[in-house]
Amino acid sequence: MNEAAVHAIIDDIGALLLFSMILILAADQIYRAIYAVAAQSLLIAVAAGVLAMATGNADLWVIAGVTLVVKAILLPWVLHRVVQRMNVRREVEPVIPVVTTLAFAVTIVVMSFHLSASLGSVRQVITGNALPVGIALTLLGVLVMASRKKALTQMVGLFASENGIFFTAMAVTKGMPLIIEIGVILDVILAALVMAILVLRVRSTVDADIADLDRLRG
Amino acid sequence: MDVDPHLSLIAACYGAGALSSLLARWSGRLALGVGHFAALAGAVAGLCVSLGVLLGPPGRALTQTLPDLFPFARLSLAVDGLSAYFLLVISVVAIAASVYGPAYLRAHSPDAGPARQATQVLGLNVFLGAMVFLCCAGDALTFLLCWEGMTLASYVLIVSDDRDGENARAGLLYMVMAHGGTALLLVAFLALTERAGAFDFASLRAAAGELDGTTRGTLFFLALGGFATKAGVVPLHVWLPRAHPAAPSHISALMSGVMLKVAIYGILRFAFDLLAPVAGPLPPAWGWTVLTLGTTSAVLGVLYALQQHDLKRLLAFHSVENIGIILIGVGLAMIAWRRDEAGAALATVALSAALLHTVNHAAFKGLLFLGAGSVLCRTHLRNMEELGGLARRMPWTAGLFLLGAIAISALPPLNGFVSEWLTFQALLGGASRFRGPAGLGVVFSAAMLALTGGLAAACFVKAFGVTFLGRPRTPHAEQATEAPPSMIAGMVWLGAVCVALGVAPGYAMRLLDAPTAELLHGPGASAVLTARGPLVLSAAAGADATALSMPVLAALLVALAAMAWIVRRGWRRAPLRSVPTWTCGMSPTARFDYTATAFAKPLRLVFAVLYRPRRNVIRDSAGTPYVAQRIRYTGEVVDLAETQIYQRVQNAITALSRTLRARSTGRIHAYIAFVLAALLVTLLIFGVGPR
Amino acid sequence: MVEMSENLLWILPLVPTVAALLMLTVRDRRVLSALDIGGSTVLVVLAFTLAGAVAADGPRALGVFRIDELGLVFLLLLAVLTFAVSIYTVGWARQAVAVGNMKAESLRFYFALVHAFVATMVVTVLADNLGVLWIAMEGTTITSAVLVGFHGHHHGLEAAWKYIIVTTIGISFGLFGTVLVYSAAADAMGDAGTMSWSAIMQVAPALDPGIVRIGFLFVMVGYGTKAGLAPMHLWLPDAHSQAPTPVSALLSGILIKCALLGIMRFQTIAAAACGPEFATKVLLVFGITSVVVATPFILAQRDVKRLLGYHSVEHVGIIALGLGFGGSVGTYGALLHVVNHGVTKALAFFAAGAAISRFDTRDMRAIRGLLAVAPITATLLMLAALSLAGVPPFSIFVSELLVLRAGIGGGHWVALALFLTMVVIIFAGLLHHAGAMVFGEPTAAARREPEAWSPLAAMLLLAVIMLVLGLTIPGRVDALLRRATEIVVG
Amino acid sequence: MTGERPFALVLFEMSFLVLLGPLVTGGIQKIKARLQFRQGAGVLQPYRDLAKLFRKGTVQADTTSGLFHSIPVFVLAATVAAGALIPVFRGGPPVVPLGDALLLLGLLALARFLTAVGALDAGGAFGGMGASREMTVAPLVEPVLMMVVFSTAVVAGTTELGTLAAHRGESWLLAWRAADLLGFAAMLVLLPAETGRIPVDNPDTHLELTMLHEGMLLEHSGPGLGCMMLASHTRQVVTLGLVAALFLPAAPMVAGSALGLLLGGAAFAAKILVLALYLALVESSYAKLRLFRVPQYLAVGFVCALTALALRIL
């Protein structure tokens, strides 16, 4: 299929990604957030597939598969299990009001578009609006982590921002080298496991959410 | 350039001394002996080297390149007249200190472990070596390294003397202020080296040649700030009266007598050598600043000294005063220095006065600190209110201390008077030369100098009288015995220097030739001051100039004293009865003796503006207000600089950081928010490039 | 010889990995320590052989690995510190097991994790491929996070959580930056993009400045978080203070430097693409911020290990300042400071750890009179404090001098004034704390048993390096640093 | 104008001053007595006192150190040596340069220092009190004296007293400038302080707590006390001589050294007499000041001296 179509598709997917991100931001229940991030990863996988078709780059197919398996299925499942294991309150507890968070989100999105608008020829390398969307997703994911109490929501935010990076990465012509992508994903999995272990250990030792501990200060 | 074996010899001596601290592993006593002997050897070698340079052919400088330790700078030594002169000053006191040291350390702290003795030996040798090679440094890096080595060694000596918190605090204050000073010096030096592209003084001189006025001034004032901190110039002096008393006494002698002078060396080196404009005089602002600082330090130093009852603390404050006197001379020299005849002559007188007072102060202040050390190690008391009556128990120490007291009070026929006389003459010459407000300012600082002299005399009447005379006030003082001979020997050496420089200063002028001629490009000291032969000091080159002949005066005094002695003895030996002191018929006890507080009380009231004295009287009367059973009086004076500046700044910083730390959160969300914010801000500031 | 030394590139990371795997199989403490020391010894030997080879004939490359002088500086520091740590750990582990800070059966996991951690750092240093660099960096985070929380009490876990979350965020930013730079490279090279740093450097001047700028900023903030630059530093005092002492030494001594290596790699690219002053300006800002921010927390600190943590923030700031002042002098000074601070800080952590184990507290108000209890440790602590404060004849003075030179040469007067003021204030604070701990009368609670040999040996080793580097810069070190400087400055 | 003074003359002048000292004291006492309508003792009384003292034995406090015994000797020596600096019979620098006004002040200060030390030696309250007060007043007097000396020295370009006197020459009050007047006024204010008389000190009392100088002599007795008394007489005349040299005109020069000496001596005696009269007047017309009023009193002198200097220099 031709450039323009790919651009259009990628842009649409980017829009959907942003939408899912906003869902995560606005989610009032942890499960919803988890489902949203799963959906997001699914979209990433789709995008990978599209690009693979467009560029005929076999690596992208693999990446699409791995993303699908790991990030759209495995990690959400892990999160889900953890939530069940430590039967916590399912509501997402915001640190700052959701509305404020959304306002921040809007500014971030605007800024990232403004920023990438200042770029030159290189924009052809990254397909369509992948760059601003990627920046936005990454920052918004971090915004989630900063504005939500529960450790699990923070993990969700982390994966969301990883998704942003992935989106940009694969939108770069011919994607990144396969081995790197794989390594990155493995790292993400390891990190997720370690985090899960930490969460559970704290839950077992002191009955509190690890993200609420703030005894170390100053 | 001729590589010189003598400098290596000095280095070898101090190095050996430093290494000998390892002997403490087997015997601390041995380590002390060997270490101090090595220091003595180094000092003697230093003395010889400096005399060789000073008395040798003019313009000859020893130079020696050091191994290239750092790729970015070549280390070297260069001993010109100025360096040699200060090397002389250091060596004179170092000889006394290293003779005095071992016996003092053994007597003062007999229970000291080998580790401590090793530290003290190591510290002493590193301290001396650092000072020597600081004055001999031929490049900025050597200078800075020795400068910091000097500070560090003295710090170690302070904190190692006594394990109590007081020493640690004193050391901390000292170290911090010294570090601040070093920061200023670093900037001043590096600004030059970056222009010169090299570290050696010759290139720095060349680089300073191209400087514009403001940069030159800025650099000078930076350096002046750094050196003034080390020299204990008011208001940068607060560390000095704490740190110097805390050190072992012979180290106090070195710190007060020599280390401060090293700062003077730095000021001279910077003002007249490195930064001096190629043509024309120094900027007047420099000289006036130094003169003002000097006058202030002189007056305030002695005023605060007057109210101290801790013997060593009192001496430390007097160091502030004497540094002030030296700086008066330096400042005047900087103001007066022109490249013409008369200017050079006046500057020569002023600078000679300063340099002469440098060695004089080193001698008598060293002597006084050693004397205080003997008292300390025999009575373990520093508060003179608890002493008294020591003159009968430690006659040698008392006599030598009195000698030092007369010298530091600038009384004839001793050396202190000579250098202050020169300073006065220089100031007078300046007054009649400048005219106008400048002249008046100069004369005013002369009057302040006179005030300083009088107050110093008062202060030392108090110090000597209360410490050594009257009745012993405590059992410790009662049971005091004379100090061991080696300590006496150390003091005798310095006393002899005081007398020699006092009675025959004309011969010492020869030593001032090289430094004055080099710095001022003038005729040199002896050409001006001893124009009428070494027996007569004259205040200017002319034949009709004011003259002073110390030898004749000394002879006259001796003759008159002899005659008076005969008259006093009378024709027939009159009987001598010994009775109790008259105390209105009561049986006299030590409580009748005048205390130091009481002695200084009138002056405290006269200068109450500066002292802000606090007093509280606790009067417990048994029920009835008419009968007082006991009255306790406590009074103290504050150091204005300390209370008004330092404590406020410190409190402000501490309070700020406390609150910051208390307010800081431990929530991870804040951490993340900071990271996010940092990224956003950076992107907004730096990210948006030119379209 | 040549291929031999290229083989070293894959052998080096393998050594600690194999050691770690072996450790998992044994339980006896002595055997573990023996393995530990053995592994680190091999590492040191190989590292120095490699250094010789590189000094002899130029950088080596093998696949995604490449060693040049810049990396070599960090590799040698890493090897030496690992060696010192392994010596220190002998006594430390015995003591920890004795007082029950560590369970004997979990000891092998500890040792294994340390070596895994070292392996990841080795990869970080050797990586030529920026992606591999990133992966290894994340790997260090994961392994060390587990180590930080190893003691298992909730303080440790809290620190570990903050550490892994915050640094992972940072590193993901780093990844994003890497991606952007990669895309720029892909743009410049036409179709086939590459992630190899050396290859990108070939085309660096042709890269699109706009996107490289954004990429560098992402990397700066991202890896800067890992390096503990303010204001992303908040996790650092927590993690470095909660980790077991040897791990703290590794974290402060070398890990944050590895992050700096990453930044420097990208700095070279950015300098080539957008002109040098852009990158240096950013580094300057972050550097001065770190120095200023660290100051009040050092002054008002009570926990000795947190104190050292904040000191790491300050010194990373100084390194960034050196890079920010730029020029060959500044960069040289910064690299030298990397080495000096690594060695000194490790020494400081060792001594502090010894003091803590004697007084059973990290509250400096409760630690008194260490000199009377453990003279040698106390002296070394004092020396380390003086060196950290920048007093000659200790190494840090020299590197700070060079940084200062660069600043004055560049005429950054404001930054210099701030820097010097803060350094003096910090000096006061640090010396106050150290003096309070070392001097005075020891409390009754203090343990008075004689000092164990192994910690002393480790500390003395580091102290000697600290002193030697303060008194002189040997010719070989100088040559190494010069070439490394050329690599950064170009 | 006047040639240099040979060393023999200097020594002669010195001994002359020493011999003159008690007479001046006696004279002042006599004038005071007359001003108070008393007969008063003869002008030679101080000589008689000295003679008696030197014949007496010594009573010494048992707590004193070896120093105490020799202090009077050195005090006397220092004071007398100061006398060698005063030009008596004629101005002009000495052939063998000895010193200048600064040295003179220094020697007097040395004497004062040793006296104060001796006063503390015996212990007991009075000596200490006297020493403390003396050393309180002295530092305030010295700078003002110094400035007065400077105010004339900046013109002559030297501080050598003979030269200063020669420079002053025969100029009489008409030739004075404002600066001279102010300097002289300052000097007159300082004179009682430096000679230890009312309103600053009171030489006539011993056991009154207002005493300064006399309190320091309390523990001295016999020949020692004699030395101290002689020293204070000498000190007084030396101070007067200083004033005379600085401000009062010298005798007109005539040929023939003998006649010249005679004239000079007469002129000096006259000058001393005038100043003695002044002291006596002040003493009998003022009351002793409280110690803490003394600084204010001296401040007057300070201001005068400073103004004199300003007029000279500006």
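Here the chain labels run A, B, C and D in written order, and each chain numbers its own residues starting at 1.
Assume a residue touches a chain if its C-beta (ideal position, glycine included) is under 8 Å from a C-beta of that chain, and two chains touch if they have at least 3 such contacts.
Because the structure is a prediction, the values reported are computed rather than measured.
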> In terms of CA centroid distance, which chain is the most far removed from chain B?
Replying inline: A
> What is the distance in Å between the mean C-alpha positions of chain A and chain D?
Replying inline: 100
> Any idea how many Å lie between the Cα centroids of chain C and chain D?
Replying inline: 78
> Distance-wise, how many Å sit between the C-alpha centres of chain B and chain C, to the nearest whole number?
Replying inline: 44
> Hey, how far is the Cα centre of chain A from the one of chain B, in Å?
Replying inline: 69
> If you look at chain C, which of its residues touch at least two other chains?
Replying inline: 161-162, 165, 169, 173, 210, 214, 238, 297, 300-301
>> Multi-chain contacts only, two chains or more: what residues does chain A have there?
In response: 115, 118, 142, 145, 154, 211, 213-216, 218
> What chain-chain pairs meet the touch criterion?
Replying inline: A-B, A-C, B-C, B-D
> What residues of chain B sit close enough to touch chain C in their complex?
Replying inline: 69-72, 115, 144-145, 148-149, 151-152, 159, 163-165, 167-168, 171-172, 175-176, 179-180, 183, 186-187, 190-191, 193-194, 653-654, 656-658, 660-661, 664, 666, 668, 670-672, 674-675, 677-679, 682-683, 686-687, 689
> In the complex formed with chain A, which residues of chain C make contact?
Replying inline: 129, 131-132, 134-135, 138-139, 141-142, 145-146, 149, 152-155, 157-162, 164-165, 168-169, 172-173, 175-176, 179-180, 182-184, 186-187, 191-193, 195, 208, 210-211, 214, 237-238, 241-242, 297, 300-301, 306
>> Give the list of chain A residues in touch with chain B in this complex.
In response: 95, 108, 111, 114-115, 118, 139, 142-143, 145-149, 154, 211, 213-218
> In their complex, what parts of chain A are in touch with chain C?
Replying inline: 115-116, 118-122, 124-126, 131, 134-135, 138, 142, 145, 151, 154, 158, 161-162, 164-165, 168-169, 172-174, 176-177, 179-180, 183-184, 187, 190-191, 194-195, 198-199, 201-202, 205-206, 208, 210-211, 213-216, 218
>> Looking at the complex, which residues from chain C come into contact with chain B?
In response: 161-162, 165-166, 169-170, 173, 209-210, 213-214, 217-218, 220-221, 224-225, 231-232, 234-235, 238, 274, 278, 281-282, 295-297, 299-301, 329, 369, 371-372, 375, 386, 389, 391-393, 397-398, 401-402, 404-405, 408-409, 416, 420, 423-425, 427-428, 431-432, 435-436, 439-441, 471-473, 475, 478, 482
